[in-house]
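Below, chain A partners chain B and then partners chain C, in two separate complexes.
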Partner chain A sequence: MSRNTEVFVIGGGPAGLSAAHVAAKLGAKTLLVDDSARVGGQLIKQTHRFFGSSNRDAGIRGITIADKLQQDISEVADRLTVLENTAAVGFYHNKEAGILSQNAYERVTYQAAIVCTGATENSLTFENNDLPGIYGAGGVQTLMNVHGIKPGQKILMVGSGNIGLIVSYQLIQAGVEVVGLVEGMPTIGGYLVHASKIRRLGVPIHTSHTILKALGTEGVEGAVLCRVDEKFQPVPNTEFEIKCDCICLAVGLTPLIDLFQQAQCRMVHVGELGGLVPLHDSSMRTTNPDIFVAGDASGIEEATTAILAGRIAGARAYETIHGKSADADAIVAEAREELRTLRSGSTGERIRWGRERVLKEAGEC
Partner chain B sequence: MTSLRIEKHPVLNFPERKTVKFYFEGKKYQGFEGEPIAAALHAAGIKTLRHSPQKNRARGFFCAIGRCSSCIMEVDGQINTMTCITPLKEGMQVKMQKGHGHIKP
Partner chain C sequence: MLKNDGIITPEELTPVLPPLARLEKGPVAIIECLQDIPCDPCVSACPTKAIKMKEGITDKPLLDFAACTGCGLCIPKCPGLAIFVINMKHTAGMATVSMSHELLPVPEKGQEVTALDRAGKVVGKVKVVRVINPPAYDRTAVVTVEVPADQVNNIRAIRV
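Entry: the complex of A and B
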């Protein structure tokens, strides 16, 4: 069987939902596929309030933002088809892609594709890092906030970026004891407002420390930590043991880029954005002119910026099919201005630098 | 062992769902209908879902979104089932697969 659409959106997280909503609202026939059982991406497990910007989602919990985005797409249901439990498995030539649901395989013919595949969690190298009881921070959030099950009774958190800090707080809310937080850098990576929250609750934060090994054979029974020097090398005779029954790794994310490589988009490695990302211009168009990108797949950031980049991609994808539109231009201008505000200041410095590099290299090809 | 199910949460509500029976390695367990098999096992205190084919290392779930394949098991005879995203149903037979598992004809 085959399907025909104008805009084909892959991934139903904040970026994909926003892109599909904008494209359909402007008037494009749109198809969105997502490989999970329900759209919303990682927002469906994020119980914390987002900082956002004054006119977009500030102070709103992630789960509520997911509901809002689902409400948005239901308003354009006449032009937008959403397929859950359906994975995009590859691109053909001539604007065709393959999608796989349950046991059915179909082809999709599209005019513009917006790929919003998000990211995958990083692991960390240490002895016994494959034991049951060692989970990614996203995995812990899924188990705890979607399915209502604690990962264990006592957990060690590795990584003090915002995810490590926020998930530590969520674990405490769920009734799990956070026995400590380990950070290799000499300072806390995330916002101090999040760190203060868990410090007030008595969680020790071990900066300039690393995890040497996990203890146990069939599951985690503890961990050995030690100090690291300024070159991140273990300092001898500083090892100590900590008792826990699970370990959470919050050590960053890597963009999920297989589909871009397969579609022969030119890639660039930008450390500030999480690794290899497809080169794209300020319209979020990749070097393959039929394919756009938005969200973490274009560089690791967060949900609010993913929503805005998705809106830009959706508007520009609509224009490649239906021609120039003042409404699309207005959406893009508004989103760019919000992005500029969100990425301003010292916390957005790395992101700004990374994004400038992508734009510069995109301009050169 | 105290249950790993969250009883009270300041932000979230977990509505009561239908309880179903299932089997893990032939032994009877209970879980909620529709929750992932790996979640039901985890709530029952089972964290080791298989052993790695080459070095026989214990494996549990990791990503919980059907990405990493750490949680694959034999479910109702079907090997390589990603239990972190496969909904639990009444009477399911869940087994640790041996080695790479055997595809039944």
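Entry: the complex of A and C
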């Protein structure tokens, strides 16, 4: 079987849903596929209130933002088809792609594709890191907040970025004891208000520390931690044991880029954005002119900026097919201004730097 | 220090504390948000427009203590749970602290709970004097506890 669409959106997280909504609203026939059972991406696991501007979803819980985005796409259902449990498995020549649902493989012919595949979790090398009971933070969130299953009773968190801090807080809310949080850097990586939230509920935050090994044979029974020096080398005789039945790794994300490589998009390595990302311009267009990118696949950031970049990609993808549009221009201008504000200030420094590098490579600045 | 262990030191707290003269007038907010992050729901939450950000959304909030009425509407709007309202004019020797509470169970008025400091250390037993938890707050309850006056800037969480 084969399907025909104008705009083909891969991934139904905040970026993909926003891109599909804008493209369909402007008038493009749009198909969105997502490999999970419910669209919403990581938002459906986010029980905390979002930061950002109160003009756009700040102060609202992530799960509520997912509901809002789903409501948005239901309003353009006449032009937008959503396929859940369906993965995009490959790009071919002549604007064709393959999708795989439960048991059926289909071809999709598109005029513009927007790839919003998000990211994968990083792991960490330490002794016994393959013991049962060692999870990525996304896995813990899926178990806990999607399926209602506690990953353990006493958990050690590794990584003090916003994900490590927020998941620690969610674990406490779920009734799990967080026995400590370990961070290799001398300072906390995420927002300090998130750190204070878990600290005042009794979670010790060990900066300038690392995990040397997990203890246990059949499963996690504890961990050995130690101090690290300014070169992240273990300081001798500073080892100590901590009891836990679960270890959660929140040590960063890497953009999920296989499809771009298949579509022969030029890639560029930008450490600030999480690794290899498809080179793209400020319209979110990659070096393959029919393929756009938005969200974490274009560089690790967060949901609000993913929504805005998705809106830009959706508007520009529509224009690729239907020609210049003042409505599309207005959406892009508004999203760019919001992105500029959100990325300003000291916490946005690394992202700004990484984004500038991508645009420089693309010849835009 | 806050950036190393998540605990705000007294020196770090000083710039956001209301002046003594303001404390004598009754309830007032303390916004313990000391980092430039892109976030501004507190600004629009304030009915008297007492919260401002000079440099835009990534600036720290600045509270006009004279304009703040201590109403507490900003407390549940802060995604960082970083806003507290303190009232030094409660009863002789006692003050109140109002804070966000997002853990179950939500305490009831009159209940005795355990007070914790910024490091999660037990300070002692305190009495809940008010709980506000309407649907509009979307499961962020605002709990007010009665505390010894000298603990008003030390107690920042409760265990029910």
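Throughout what follows, the second predicted complex is superposed on the first by the 363 of 365 C-alpha atoms of A that agree within 3 Å, B and C clash if a C-alpha of one lies under 4 Å from a C-alpha of the other, contacts with A are read in each partner's own complex, and residues count from 1 in each chain.
The rule is short, and it goes like this: a contact is a pair of C-beta atoms (placed from the backbone, for glycine too) under 8 Å apart; a residue touches a chain by one contact, two chains touch by 3 or more.
Keep in mind that this is a model prediction, so the values were computed, not measured.
Engineer: After superposition on the shared chain, which partner residues are touched by A:Gly148: those of chain B (first), chain C (second), both, or neither?
Structural biologist: first
Engineer: Is A:Asp35 contacted by the first partner chain B, the second partner chain C, both or neither?
Structural biologist: The answer is first: A:Asp35 touches chain B but not chain C.
Engineer: Given the touch rule stated above, what does A:Arg61 touch, chain B (first), chain C (second), both, or neither?
Structural biologist: Once the two structures are laid over each other on A, A:Arg61 reaches both partners.
Engineer: A:Thr347 in the overlay: touching chain B, chain C, both, or neither? Say first, second, both or neither.
Structural biologist: Touch partner of A:Thr347: chain C, not chain B.
Engineer: Could you say whether A:Phe50 touches chain B, chain C, both of them, or neither, answering first, second, both or neither?
Structural biologist: Touch status of A:Phe50: second partner only.
Engineer: Is A:Gln173 contacted by the first partner chain B, the second partner chain C, both or neither?
Structural biologist: Touch partners of A:Gln173: chain B and chain C.
Engineer: Kindly classify A:Ile198 by the partners it touches after superposition: chain B alone (first), chain C alone (second), both, or neither?
Structural biologist: The second partner, chain C, only.
Engineer: Touching chain B in one complex and chain C in the other: list those residues of chain A.
Structural biologist: Looking at chain A, the two contact sets intersect at 61, 173.
Engineer: What residues on chain A touch chain C, complex-wise?
Structural biologist: 48-54, 58-59, 61, 64, 172-173, 186-188, 191-205, 207, 341-348
Engineer: Can you name the residues of chain C that touch chain A in the complex?
Structural biologist: Listed in rising order, the residues are 2-8, 32-41, 43-45, 55-59, 77-82, 102-104, 116-121, 138, 140, 156-157, 159.
Engineer: Note which residues of chain B are touching chain A in the complex, please.
Structural biologist: Residues 2, 4-12, 14, 35-36, 39, 42-43, 47-49, 52, 57-67, 85, 87.
Engineer: Note which residues of chain A are touching chain B in the complex, please.
Structural biologist: Residues 35-37, 47, 61, 63, 120-121, 130-136, 138-140, 142-145, 147-153, 173-175, 217-219.
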